[in-house]
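Next, two complexes with chain A in common: one pairs it with chain B, the other with chain C.
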Partner chain A sequence: MKQALKAIQKISFWVVVLALLAYSIFPIYWMVVTSFRSTATITSDSGLWPQDPTFENFLGLNRLFNYSEQYMNSLIVATSVTVITMLICTLVAYAIARRNFKGRKTLTIALLFSYMFPPLLTLIPLYVYMVKAGLGDTLIALIIVELTVTMPLGIWMLWGFFKSMPFQLEEAAMIDGCSRLGAFVRIMLPLAKPGMITVAIFSFLISWNGYLAPTVMIESDSNKTLQMGLTAVSANMTSQWGLLMAACTMIVAPLVVGFLLLNRYFIQGLAGAGVKG
Partner chain B sequence: MSATAQQKMKKSGLDHLLTAMILLAVLMTFLLILVPLLSGIALSFLKIDSFALDGLPSFAGLGNFESLFSTGAFNNALKNGIIFSAASVVIQLVLATLVALILNQTFPGRAFVRTALIFPMLIPPVVVSLLFRWMNNQSFGIFPKWLQSFGMEPIAWNTPELAMTQVVLLGVWMWTPFMTVSILAELQSIPSSLYEAARVDGAGPFSQFFHVTLPHLLSVMSIIVLLRMIWTFNNFELIWLTTGGGPLNSTETLPVLSYRQSFTLYELGTGAATATVSFGILLAVVLIATRFLPVNKD
Partner chain C sequence: MAKIQLNQVQKNYGSVQVVKGISLTVEDGEFVAFLGPSGCGKSTTLRMIAGLEEVGTGSIFIGNRDVTRMEPKDRNVGMVFQNYALYPHKTVKENLGFGLRMRGVPKDEIEKRVMEAATMLSLGELLNRKPKQLSGGQMQRVALGRTLVRDADAFLLDEPLSNLDAKLRAQMRIELSQLHRKLRKTMIYVTHDQVEAMTMADRVVIMHGGVVQQVGTPLEIFDKPANLFVASFVGSPEMNFIDVTATQSGLQMGPVAVPLDDWNPPEVGKVYRLGVRPEHFIVDPTGSIEFVVDVVEQLGTSTLLIGTINGSRAQLQTPRLEAGYGDRLRLRVETRNLHFFDKQTGQRVDLVARG
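This part shows the complex of A and B:
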């Protein structure tokens, strides 16, 4: 009797797990499968595996829109935003955590408040200033605008990380002969690694996935990002689902690969970061 | 602190770097947060009808706010925004707690399941809206095909009755993983000695959940719910890309209204006024909420 109950418990546990897996993964799987279906079979074939798998959709992307160019633009923007955010936020967060100065509290509250801004409230003024500065319709302007979102978030998260590390750690390293800089590089940075990687993941996601900021900042076709370009063509190309899903698969691919490489740091990073306020 | 350590602190080049970093942070906060914010608010008092940025705009006084409240558009968008953010965040919280409790168990394949369940978080809104448009395609989509095989009619999502449900469900799909991870991280910080003590006292799984787990999660949950509701209330992309605010404005939230005023009607002042008022609302909510929520301040 008891054994039967245990078995039922176990089975229902796995039913729930499998249902959750299907719910999370199936749409993504369906996107990838559709992108490998040929034009001839796409409307009729709804099997889990394509009848005649083909790369024609991926090879046809450049005929659909300025695909390669816009892919490069997205890469340039997302990589720059991620690198700049990581470098500056780590140092600034460490400075805020280790230095007592007037206005520290105001500064951290200001960073948190920027999370509440309705997107267009600051986006339109930023657009106007960029145009006045001669940066209208450039990737540099877009990078700066994305940084206004990723930097406050990054500083806030890493500040939470450094704050929770006792100063004694660095002191001990310094007594052992490390310089202050040495203590920071050898002791603090390795400890902050999960947090830095989490910030990097978020920065890349925000700037790679963003649609509104590029739409406001960019006009010319050659400066558009992938998200903008795809949205523009999808409005008039609603029947070419193989091509559209191939474009989507290519957008998601680097995110999945990057995440698979880094995900072991991710939960650790969120736990240590400023989620707790 | 020992004398040598103190000396090193004074002399170190890192020290100058840290001072520079603090100055940089202050400058950034000023240029990238404060100036655009104040400009945005100022814009809501100006009359600007185009993006041709020459000449000085004229002062509109409260004109933009008057035209904002003169139609029902603002109230409709506010109502939709509250429904959208409250519904999606509450569903996310329930689902995320369930998933986090499952992922906190030890079972074969846990690492794989955990990674797989986080994936929806990576998918950009542009892709989510296109992908579900394809899956729901009336003629060739997989969902209508499944329903047909059960003898059911395909669901018409793009109607005023169901459009909001659709964007809420898409939001839940995309955004639950973030909440799951946050709750999971907190679950893992509960000392196992608490559970052992509860078991010794004869507490079953349910009793353990309500007396140990839930009280421990409450503080983090309330912060996450507050932050995610604000974030969802301000979210523009998912709704704009999925429904464009329609049909018949049934999914138009304040960011979508603000965008439409600014970029479709070219009434930049009114668009800014919408954003300013919604910022004011959020500010009030946060100030009230931080007073009453069990938030540990520091």
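This part shows the complex of A and C:
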């Protein structure tokens, strides 16, 4: 009796898990599969696997739109945002967590404050600033604008990370022969790795998927990013589902690869548990 | 190997003075314990010696070097922290070798010294584990080993046993004593646990409110506490305190006169605070002190009695004894086991030897 109950429990658990998996993964799967179907078969072919897989849609993207150029732009923006966020956030978060300096409190409150406004609210003023600074319609402007979103978030997350680490770890390192900087680089940074990777993924995601900021900041075709390219595809090629799905697949691909490589850290980082006292 | 010297060391946090001018010399190879309640400045003093806390005024010497303004890394001291502070992302072996690597010691030399320390602390099988996979006692040993391999001038230990359970603590106490005997290194050990201080240290430094109260061997401190604080802090169960007036022939304790043989009154007619350790009361039908039993705690080999003498609370520890609530016992105390303290200053007043 008890065993039967256990079996039922187990089965129902897996049924729910599989249902949830299908629910969240199937649309993505369908998108990828559709992007490999040819224009001729796209409405008739509804199997789980394309009858006649083709790269025609991907090649078409590049022929009809500036997709590779936009890809480059998006990569430049997302990578720059990620790198800058990481560099600055790590240092600032460490400083707030560990050092007592004038304006520390103001800084932490300002960080929290910056969350209170929707990013949209600051977008237009920022646009005006950028134009006045002579940076209108440039990728640099876009990078700066995306940073205003990713940095408070990154500092906040890493601050929590550094706070949870015992002071004594650094002190032990300093007694073992490190300078303060040495202790930070050799002991603190490796321990903050899960948090840093989480912040990196977040900032990459935010800037890679950003749509609003580029639409406001960028005008010229040569500076457009992927997300803007995607709107062009969907606006001009309404019935070309294969093309649209290929465009989407291209956008999602680096995220999926990155996540698969880093998901171990990502989960650790979200759980926030880096060290046990 | 080096002696450590503190000259008038002071430390303020904002307007609060936490260490109020400590002067102390720890001899080469000596095991000294800083003992005191939390907030007495003992950890701060240790951290100033380590260089983790800036020295306010005064100076600190390790060996012949003035280290007052030196970085921790240049002081060549080792430190064991209460929470061990092992690097969680490194294996035991890497933890042990880290200090040597930072100092540019060649690889095979590191290997050799790590192995030596590992053998000494029986860590051999754990070398490839991460700190998370160790028990408290093992982590403690690794933390010790980390200072051991470095061949530091002095070992600083900040409450290293307080995270361990009682049984392990007793075992580590023995291991630490043995280690000190083997290495003959200068060691400073901070603790709030009098048992640790009394059992391991060559000398104990008792601190309270940022001031050194007394420095002495464990027995000196137990036998001749310098003031009321030391008297009440050291010894368990705690010392009894009763106000008495010194007379020509002994003590006047309220209405009761306690005649004492072998008695040289400190200053006749003056009121003192008398301290008697619970185990120094002797149950004796001819004794002049009357004790009314309130609570009896049977401890097996001994009995702890809590009650009143002349209406003021007192406790006494005797060899096993059957007693019950309301019993009246007669007690006496040998003169040499009486401690007199000045009521105003709290300082010890020594009896003048008869002669």
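As a working rule, the second predicted complex is superposed on the first by the 271 of 277 C-alpha atoms of A that agree within 3 Å, B and C clash if a C-alpha of one lies under 4 Å from a C-alpha of the other, contacts with A are read in each partner's own complex, and residues count from 1 in each chain.
In this section, contacts are C-beta pairs under 8 Å (C-beta built on N, C-alpha and C of every residue); 3 or more make two chains touch, one makes a residue touch a chain.
Every value quoted in this text rests on a predicted model; they were computed, and no experiment measured them.
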Larger residue footprint on chain A, choosing between chain B and chain C, goes to B
Where does A:166 make contact in the superposed view: on chain B (first), on chain C (second), on both, or on neither?
second
If we overlay the two complexes on their shared chain A, which of chain B and chain C does A:121 touch? Say first, second, both or neither.
first
Should A:135 be classified as contacting the first partner (chain B), the second (chain C), both, or neither?
neither
In the overlay, answer first, second, both or neither for which of chain B and chain C A:191 touches.
second
So in the superposed three-chain picture, is A:175 touching just chain B, just chain C, both, or none of them (first/second/both/neither)?
both
Examine A:208 and indicate which partner it touches, taking first as chain B and second as chain C; both and neither are also allowed.
first
Pick one for A:32: touches chain B only (first), chain C only (second), both, or neither.
neither
Identify the residues of chain A that lie in both the chain B contact region and the chain C contact region.
171, 174-175, 179, 275-277
Quick check on the complex: what are the chain B residues that touch chain A?
1-2, 4-5, 8-9, 12-15, 17-19, 21-22, 24-26, 28-29, 32-37, 39-41, 43, 53, 99, 102, 107, 113-127, 130-135, 137, 139-140, 142, 145, 173, 177, 181-182, 184-186, 188-189, 219-220, 223-224, 227, 230-231, 234, 236-237, 240-241, 254-255, 258-259, 262-263, 268, 271-272, 275-276, 278-279, 282-283, 286, 295-297
Residue ranges of chain C touching chain A (in the complex, touch as defined)
50-52, 71-73, 75, 77-79, 81-83, 85-89, 98-99, 102-103, 132, 146, 150
Of all residues in chain A, which touch chain B in the complex?
13, 16-17, 20-21, 23-25, 27-28, 30-31, 34, 42-43, 46, 88, 91-92, 94-96, 98-99, 101, 103, 107, 110-111, 113-126, 128-129, 131-132, 144, 147-148, 151-152, 155, 171, 174-175, 179-181, 184, 205, 208-212, 216, 227, 230-231, 234, 238, 241, 244-245, 248, 251-252, 255-256, 259-260, 263, 266-268, 270-271, 275-277
Of all residues in chain A, which touch chain C in the complex?
166, 168-169, 171-179, 182, 187, 190-191, 274-277
